[in-house]
């Protein structure tokens, strides 16, 4: 451990074993070689509560489970995204909750939920991404409310939910196709809005690029945009804002 | 003229100068060589009122004026799009009306205006394209009403205009940036909607591609989409629909 | 229900229970919170005959069937697009007609068919999209005639069909590859033309983008363009125009 | 004014001039036709402090000045982005401050500045966008600190600024080329980070698309991304978050 | 048949049953309605020897076989491209030859082979496309010689083949990846060169777009370029040139 | 000169000055170092009539003129493409003919013109590229006929030109926008067709990419496609084919 | 063999059987027809140690094994990339080592390993590409050290490895997503850095294009960039540099 | 200065003024806040000879000159790329050498030139980028030889230069259009090759993307690729490799 190294140098200075010039020279290079990383480790310790996260998509079932067990030992908190039932079945970790629509698996997570994040999704096909955002933010310690299927065809579902819009501190809006919902919601409220484009659509939806670009060009100023299908990122950002 | 040719063959048949086989052989090739084109000319004649149109952008001032004069002689009706004041000044055609915002120049055009087309534009920067659509449709013979600047920031301007929405037979919606206005209007009315993306915006507006793709992916089914900045095409389509 | 809310306020005004100022204040916020959505509901009611539509592609068989049953209860009219035989077999709804080429399933739909829509497809591979357009328009209440395989190689099939071209009020043209058919048809008739690019082709057909862009750039002015493979949208637009 | 309309209906109900059914029918359509927009106006009023903003790029000098004067009359607060010295010189509005690097012109703006937003830029060429973000957030009422030129080549400038990183509630990071700075900053702090790609670079920087996509794919979860060169949007979002 | 129609009109003219004016009127519309298509049919007849071609990719096995039988009845000559062994096995047409590498199936075809076409391929993975070109040109009536695997790694295979390069009238060059082989061959010979990019490669080969664009930008002037993987087209063009 | 080197080696062998082994060793490396290039030079000599060509676009006026003079000294034949009047005025070479529409400058060129190439252009804006193709092919020694402006709007100009279509050995078709003209012409004739997309158009014409891709995807098999605006390449290819 | 041909000519010259002119004429064409390729063969011989390499991806199992056996006979050294366990199992070549993560199979290879190449990978998903680079460079004769998973989340793993960074002559950095690791490493060392983007990521990672473009735009000058997932190429380049 | 800070802590430890724990705590945070940056400064010092570089393109003349003077004071060595004559004229720094073709300005630079770098360019239009690479590498301390205009049309210029190819340690190959030259050179030599695509070309050269992608897909393994037009980067990398 590099803490030891620094202490060793300091002791040698104190005891006069090495000159200050010599000590300086060693320390000058130290930060670069070790302290930077020590800092990183320290950093991890003070962020203790933050779960280790595994992005399961494209990884082998066995590998995901192995990484999960290794992380679980360290922190007891664990989030897996884009997982499958097969992974969930093989996981064998107590308290693991599997969300089949998004493929998220949450193990423990923050006990106290604070503030309020509202998650809206435009169509039924966008729900997996919305759920991932919701599970992530909740896992990190935010209160989350979800209202799904509020695109043009189902916008009346927002009707009874004016209170939800009013009480939320941050709003995550998940939409595919032409990605217009964030602009519409942005016309209704002044809260920070996080827009998540989804790969839902066909042809010129370009696997989500169209929704992404539409959101980046929203005439409502100041909408935060995430990568396509990145519910996890939206959950993280919403939680960080919610904590302020 | 190929009308003459056909008549000549027919007369020769009648007078027995040529056999039916021989006549058939000549006629069989005629359509391909001449009648097809005769048809085209005929076609032009029965469409008499349709203006000749010149797309001035990228053409030299002198060339546009020369083509304009040549067409004007033929039909007295003439539409020039994406023209400049310089072209307008040099044109010297009586009754030519120059629309400086869109750069359209209309000479005469249909005298009777029928039906009703409503042209909406999202932002002030979209007005040139909207005006081109309006001038075109009017020139072709449609009544046109225009309400500009009704995007998210100015949507209240539609307020006093419910009647306009109700009385229109077709609605042209011009928008740049994220191109969401056609979806919003499409949620309000059941009329045919023609969406025209504009190249207004920057960065990921991709010179209008984002608005175009958003419009093509509208969750409102059945929106007709035009090429970027193609107000002229929108005016033509709206007029054709309006005439039904 | 918000109708009740408004009536309650009105009754309270009538009976003098609340002042006009107070009533105004409550009503002023109502529209935003409830009436907007009431409007939407109302809107649905007056559009009674419009079928609920399910886009089946990418949805699970069980989910599609569940949504279908739920919608069927409400309206007895139902259209499913991009469905499979498996969905059709599991549906168990009386009068459901499955169109295997396009994967459309229509339940009931408009009884009276009006006007006339002509659907043309360029190649045999484009027929699924053309059929979807035809089924949709017919379901909504339009008379539809289809002539398939009239691209460059089969354009002679249009020969006996001059009457079809003449009697149609709107023409849907479905084509993949270089997407030139709408320009060709547009040179023959003055009707509104709706062009639907398909993802048929390989290499630089770019899954339909080339056909789409070619159609948007047609030198025939005023062709309405749809998203790639969007037969459903073309059917909707054609029907709206046909109804005028 | 539609407030009058509602009151008129209410009075008529009270006085018994019209039935509740009749009143309901009129009110039911009101929101759609007028109240929605009334709401919008009301909305503007309660947001009083929000400046009107003009995006000057691509607009004519005279037009920008005319719009500016018209808005200034209404609110005395005004922000113009991407303006030029020529616009600034012609503006003749008292208190107008021109920021020549970004082309922003601020007139008055929020008097009290709250919280703290830190704006970082990677290279000297990114400063115009960073300044626009800073001016915007400050204008809206946030305290803003800016540290420019802290990319790989100048990262030592952050050295004396640990306090700035610690005291900021939100951090805006502006970067072109490979857009890696937000990831680096995101590895150092847990605050919400708003990444703004710039069009700085050449060749495969693709006018900012590369930086944009890199930011959207940051391995630091939860970075908010803006459109290319959209300093104004970043300022708005940062301010909304800062206010929480 | 429209030949009959024209003859009927001519007979009526001859016999005086109808006036020349009347005959003209009917003939004037004829070409448009029928003769154009008659022409097309005639055209087919004089091109008798040209095989009907079926592009099998993406079509169902049963459909391909059905179309094949229908075409075979008409012309006894038949070419199927991108077919599978399953199609070949089910075809049951005498003389059908299946080329398993390209998936081409040729039935009969031109008996006399003229001129000489040389087909070169850069890598072993490009052979399927090269074989399709070779089979097509041979089927149409050209003598074809093929030399495969002559890219940078195997260019020595051209060594013993100077005669082939000299005796060819047209050269087809098939290459994926960076698509440089046509430029190299173009530096050696003055013959017309037809370049066919293939989708071979990964990452930035962009499924053949890179090879395509490289070929279009060859510094050797006048290289004919085909769509990606379009061996069939190359065979057709080479044959047309070879016939001159 | 390396011819000398080889002769020197051969003489030394003959006179017994060096052994065959030694001579072999020197010759073995020669081809790589010199003969390859000798070949190239030789090659140039046998191609004597081929003009040196300068692509003037993007080069400085002075540079173009200097290169032109240097080449002219060598061969008396010279072709400059995409030149300007300024270059033409400064050139001062006898017999130089400047074609202002395409910017081509031809000096001398082949005296005998053989065969026949037909150049068609779709719109007036495509003429510069068509003229470049025509000038190039003529300069190289082909007879060239040009018919301009035969797109959908002017297709009747082909009417009197059936003979031109019939007598051409190769047809160059130049078109921008949706690039459909080659498909149309390809439906009429069986000659080799060379399609040249132009950058004419706006929005989704994507500076010629749409026309290019449409041409590559033509349902007429075997159309040779050139780079965007590459009239020179089309002229070269047409000439090579014409010479066969 | 063409060596024989040259010797035959030389002998004939020596013996006076043919004149020098005649000999020259034959030799002048020789290089082009044969010597060039002889050179290539010779070249292969002096590069003896270079393994033949098979890119297995997209090839059939049987084909890969057949090519492998054929090459193995020639050189006893063999590298197969992107292979599968199935290929490995069927290979039956002594000393073949299968690397299951990358799919590389190495048979023998250079015995002496020189210099030092360091291979870093950003995430666990990037290891297959990193391993391919490492196996390739080692096979060619370089000493290779690998440190995996040193992206932002695991950068502390570099901590104990300052020596590795210092002793490496070349560093290969493999990264997907936003591709920022090469810039970070490039800020730490002055060695040549070879960046390999991977297709790891989703949405706007665009299958590796984003990482590729970010690396090409690194603000650290002089980073060598490879094609997406091209570990083999990185291994080759690193080895070539390492050998200097 | 943070060197002082560290020494102060060490002295305090030595003199017993602060405990080792206390000293450790201060040092542990130091690296993060200061030492990292101290390192950077130190780093700069040991890299003394490395010039400060200014990328002038897109910067104002006055700004470039101001930065240049400020850097010149510090190091007396200075490189400016993509500068103009106007900048050069205004610079007024002794020993500044302006290279007008590339726009590079070098002030002093390394006195001793080592090793050998060969710079090849394909066409005359690629020379500016090639020159920038050459000037950069020379400035950094490498011997550089340049051979320009060796593309397909001028490859004979390499003829007398076999020695150059043999004596170079690294070869930079600059090419636009189809970017094939690096593959050709890579077939001739085993040295590390650095390929620089240029934006030379038109249409589908896509401002250099085609050359870039072709180079990334070269069938010669292990070619290092730079950003489009990035001669400076190539010079840096070549120098780093040359120094090994």
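The chains carry the letters A, B, C, D, E, F, G and H, assigned in the order they are written, with residues numbered from 1 in each.
Note that contacts are C-beta pairs under 8 Å (C-beta built on N, C-alpha and C of every residue); 3 or more make two chains touch, one makes a residue touch a chain.
Keep in mind it's a predicted model, so treat the numbers as computed, not measured.
Annotation of subunit A and subunit F: jointly contacted by B, C, G, H, touch as defined at the top. Repeated interface, listed pairs C-E, C-F or B-C, reference E-G: C-E, with more than half of the contact pairs matching by residue number. Subunit F and subunit G touch with mostly matching residues; of the residue numbers seen at this interface, over half occur in both copies. Averaged C-alpha coordinates put the centre of subunit F at 38 Å from the centre of subunit H.
The centroid of the Cα atoms in subunit E and the matching centroid in subunit H are 50 Å apart. Contact with two or more other chains is made by residues 32, 36, 38, 155, 203-205, 209, 212, 216-217, 227-228, 230 of subunit D. In this structure, the chains touch in the following pairs: A-B, A-C, A-D, A-G, A-H, B-C, B-D, B-E, B-F, C-D, C-E, C-F, D-G, D-H, E-F, E-G, E-H, F-G, F-H, G-H. Against subunit G, in their complex, subunit F makes its touches with residues 3, 6-7, 10-11, 13-14, 16, 20, 23-24, 27-32, 35-36, 38-39, 42. The part of subunit D that touches subunit B in the complex is made up of residues 2, 32-34, 36-38, 40-41, 57-59, 63, 67, 197, 199, 207-209, 212, 227-230. By the touch criterion stated above, subunit D contacts subunit A in their complex at residues 47, 53, 169-170, 190-192, 194, 212, 216-217, 221-228, 230, 232-241, 244. Residues 122-123, 151-153, 155, 177-180, 183-184, 186-187, 201, 203-206, 209-220 of subunit C touch subunit F in their complex. By the touch criterion given at the top, residues 124-125, 155-156, 158-159, 162, 188, 200, 202-205 of subunit G touch subunit A in their complex.
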